[in-house]
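Two complexes follow with chain A in common, the first pairing it with chain B and the second with chain C.
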Partner chain A sequence: MAKITFITSDGNTTIVEGSTGSVMELAVQNKIKGIDGDCGGVCSCATCHVHVNPEQWDKTGAPDELENDMLEFDDNVSEYSRLSCQMKVSEDLDGLILTVAK
Partner chain B sequence: MEKSKISDPFKKARLEKGFGKMNDQNDPVTMILGHKDVRKSAHNWKTFQSGGEEVGRIVVPSEVHIRDTRQIPFEVDPPEHKGYRDIVEPWFKRPLEAKYQENLSQIINNVVDEALSKETIEVVEEFALKLQSRALTILLNVPPEKADLWISWGTHVFRSEDTALDSSKANILYDYIDAELDKAIANPGNDLYSVLLASENNGTKLTKEEAKGVMILTFAGGRDTVINAVTNSIAYFAEHPQALERLRDEPEIMNTAIEELIRYFSPLTQMGRVVTEDTQVCEHALKAQSRISMCWASANRDERVFEKANEVVLDRKVNPHVAFGFGTHNCLGATHARQIMRILLTVLTQKVKSMEILDCEENIENLDEFKRKVGFDSIQVKFNKL
Partner chain C sequence: MSSTTQNKVCIVIGASHAGVNFAFALRREGWEGEIILYDNDKEFPYHRPPLSKAYLTSEEGTEQSLLFPKENYKTDNIVLKLGIAVNTINKEEKTITLANGSVQQYDKLVIATGARPFLPPIQGLDLAKNVFPMRTAEDAINIRKTINKSLTKRAVIIGGGYIGLETAASLKKLGANVVVLEREERVLARVTAPVMSDFFTQLHQNNGVKILTSKNVISIENKDDHNVVVCDDGTKLNADLIVVGVGIKVNSELAQNAGIVIENGIKVDETAKTNDTDIYAIGDCTYHFNPHYKYHLRLESVQNAVDQAKTAAKAICEQEVVYDTIPWFWSDQFDVKLQIVGLSKGYNQIIIRQEEAKNSFSTWYFKDDELLAVDAVNFAKAYVLGTKFIKSKQKLDKSKISDLSIPFKPNSFLA
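Let's turn to the complex of A and B:
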């Protein structure tokens, strides 16, 4: 089980728990504002863009090349940007804080 | 296995030059072919504009001579684009609601049942066109019988047999939308026409002409594309019964399967833009006021991005396809289209054992340098019950 915190553009903070699937799926199930996951998690739509808390960057690791290419053209990109569909929920992510980009 | 195959005619040009050329009614188009260049161009709406003065010019083939109404939000660029997109976006996300999916499911079950009850069926006219038109009544929130007229128009609403574009045919649609908007003005309801007419952009009500622009986009953008996606899906599963079997056994791969089929089919080959300043792509000079297109179909087969690019890999996990476009102007109807695919594939796995292609005629787009199969003009199929 991992507890993940989402900070949305309206300033709200939501803590959700999960153990399987992707972080995007977890966010969609919990109706986190700004995470749409239009393509269902195949890295083609960038509607699940989040900024990882810089201090926790080693928890998530950097995006791979295809994810990075996708982020390159997204608005509001930072050096701690990830697509949450490409992050698997696991114990390793327990305590992670994500700021929704949209 | 050949009939359902959609080949990649762009490979050589994509790898050697990165672009292709086609003439279109004496208004030539430089087709951008590589995945990265396509995304880069789609992202750069300032240099490659959609909202220029010549309405219809970004469509390939150009609709400059058959249309005066600006399609909205499609032919508007930022910052004005956002106001329009924000108006229509929630309406076009309705396919995520359970009730919408229930209604869509009933429509798709009906067309599949009808196909199963017949000895054979011509899938383009009798299956895909019906499915697409009836599904559109849900997207517009209008009575189901409205689809009867749309079906009677046939698949070639904008084209005649001998010409690519036919203004008298296109006018049938434009006149119809005018009349429906007048009805909505007189008697507002809960349909898309009325919702648009009641909407405000920056405090000003949408004009009838603006509402018409959204409606033309909705009718035109989702017609051939959905018909091709549905028809190509039937052809694919007819020739790959093991793929249908796999979806039956592993419903958890449904999402990746849908995205992969959409990548492979790329129902819309390309979309154009007008160049606003002298620039270059792939070391090729582009003049201001000339046209480019982003060739989604070519980008989706780019071997630098997709392993086994010409194969359908139903469980392809990372699939950054651009079949719904990319960036600001990405497909407004994508949520609707994805639900159609999800429900169609689900119903096929529930009811259909196998399908046989008896006869077919391919629909080949003539892009000068390239000839691309986009679907079928007709395809006769026998559906077998599970």
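Let's turn to the complex of A and C:
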């Protein structure tokens, strides 16, 4: 079980719990505003972009090449950008804080 | 919203990408009344794109790829009525009639009936065993079962479009002997440039799939335990499994019979509304205007389904909205990820940028100086940058695009 905090663009903070699937799926399930996951989680639409709390970057690790390519030219990209469909929910992510990208 | 929707009923016909995304979007936009979704398909609404890809090669059911988790329908009070056909729409009475005869009243109706596979008039096709289209979870399961049960695993795919090629790649992974028969001179002829057709033909051949073009299937002969696929040039192929992927027919009859205007699909305006003020249509079944490209079209894609769904939800909740998107698509075959942005129709020049890595390149479609579309093969950067350039209509220096010595950055290619 992992508790993950989402901070949305309207400033709301939501803490959700999950144990399986991707972080994107967990967010959709909990109606986190700004996470759509239109492509179903195959790294094709970038509608699940989040910024990882910099201090927790080692929890999530860096994106792979495809994910990085999807993010590199995004207007709202940061050093700590990830596509949440490419992050698996596991106990390693317990306590993670994610800010939903605009 | 100016008027209360508390006691109103919104009915959606079709619970796939468009219908389901619409229902959740409508709730999000503030609709307080009932939302009822009907679909013929008994399966809980699932993602369709994986069917010909990962789903076919896995042992999983659709529970791994639901559009939304089951709980969300409950929490959003969206009523799903699955395995139920809608027979008629009466727009004067504002009712629909179900197959069981019961009548349901609506205040707003959304038609998201999509399309069905087109089965070509091939002699013997209707009697042949183990012939399937690839559209529903049931189709995918049937295909998977048939190939897993067969000892000889001879699969013939009629149609070399994306569905046919994706299915071919997945069947190859399952250990099948796969032949793709394409009527045109090249695969993907209807949707992409010759250079892309060549690439995918090569990719499939390198992976052991046989691609035969200019093959017009005229009949299927039924033997005891298999079929023989016969082409007009005399080619005969034994098949334990036949997959038909030659395109679709729009499910527009329900709308047509109700007196809704049909033009190459259900005709809708920029808010996804039909010629009836209380009836909207979304997704594959619609014929709509694209403001960027300035022509009407029908689109078979997840992007169109989801974005048109969001547009219709906003419109029904009385928000100002115009459907204005740059279409995007994707396809996965073997180790290749193809990402497409834009519509290449009408292009008169293509530029190819080949990256250093093999199997990694992009095709840029231009009409004179305007970038229309980009096909990115294992190179998502071109897809993302292409999207930006198409949207902004920035002038590009075409000669720079194919020049690998120029770094791949947003400002590198501007004229």
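One rule holds for everything that comes next: the second predicted complex is superposed on the first by the 102 of 102 C-alpha atoms of A that agree within 3 Å, B and C clash if a C-alpha of one lies under 4 Å from a C-alpha of the other, contacts with A are read in each partner's own complex, and residues count from 1 in each chain.
Everything below uses one rule, namely that a contact is a pair of C-beta atoms (placed from the backbone, for glycine too) under 8 Å apart; a residue touches a chain by one contact, two chains touch by 3 or more.
Note that the structure is predicted; figures quoted are calculated from it, not measured.
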item	value
Chain C versus chain B on the shared chain A, clash or fit after superposition	clash
Which of chain B and chain C A:Ala101 touches, first, second, both or neither	neither
First (chain B), second (chain C), both or neither touched by A:Ser44	both
Winner by number of chain A residues touched, once chain B and chain C are compared	C
Partner chain(s) touched by A:Lys31 [first = chain B, second = chain C, both, neither]	second
Partner chain in contact with A:Val89 - chain B first, chain C second, else both or neither	neither
Overlap of the chain B and chain C footprints on chain A, listed as residue numbers	38-40, 42-45, 66, 69-70, 73
Contacting residues of chain B [partner chain A, same complex]	36, 39-40, 43, 255-256, 258-259, 305, 316-322, 324, 326-327, 330, 334-335, 338
For the chain A and chain C complex, residues of the former touching the latter	25, 28-29, 31, 36, 38-40, 42-46, 66, 69-70, 72-74
Residues of chain A that touch chain B when the two form their complex	38-45, 66-67, 69-70, 73, 86
Touching residues (chain side chain C, partner chain A) in the complex	28, 47, 49-50, 65, 68-69, 71-72, 302-303, 306, 328, 330, 332, 337, 339, 379-381, 383-385, 388, 410
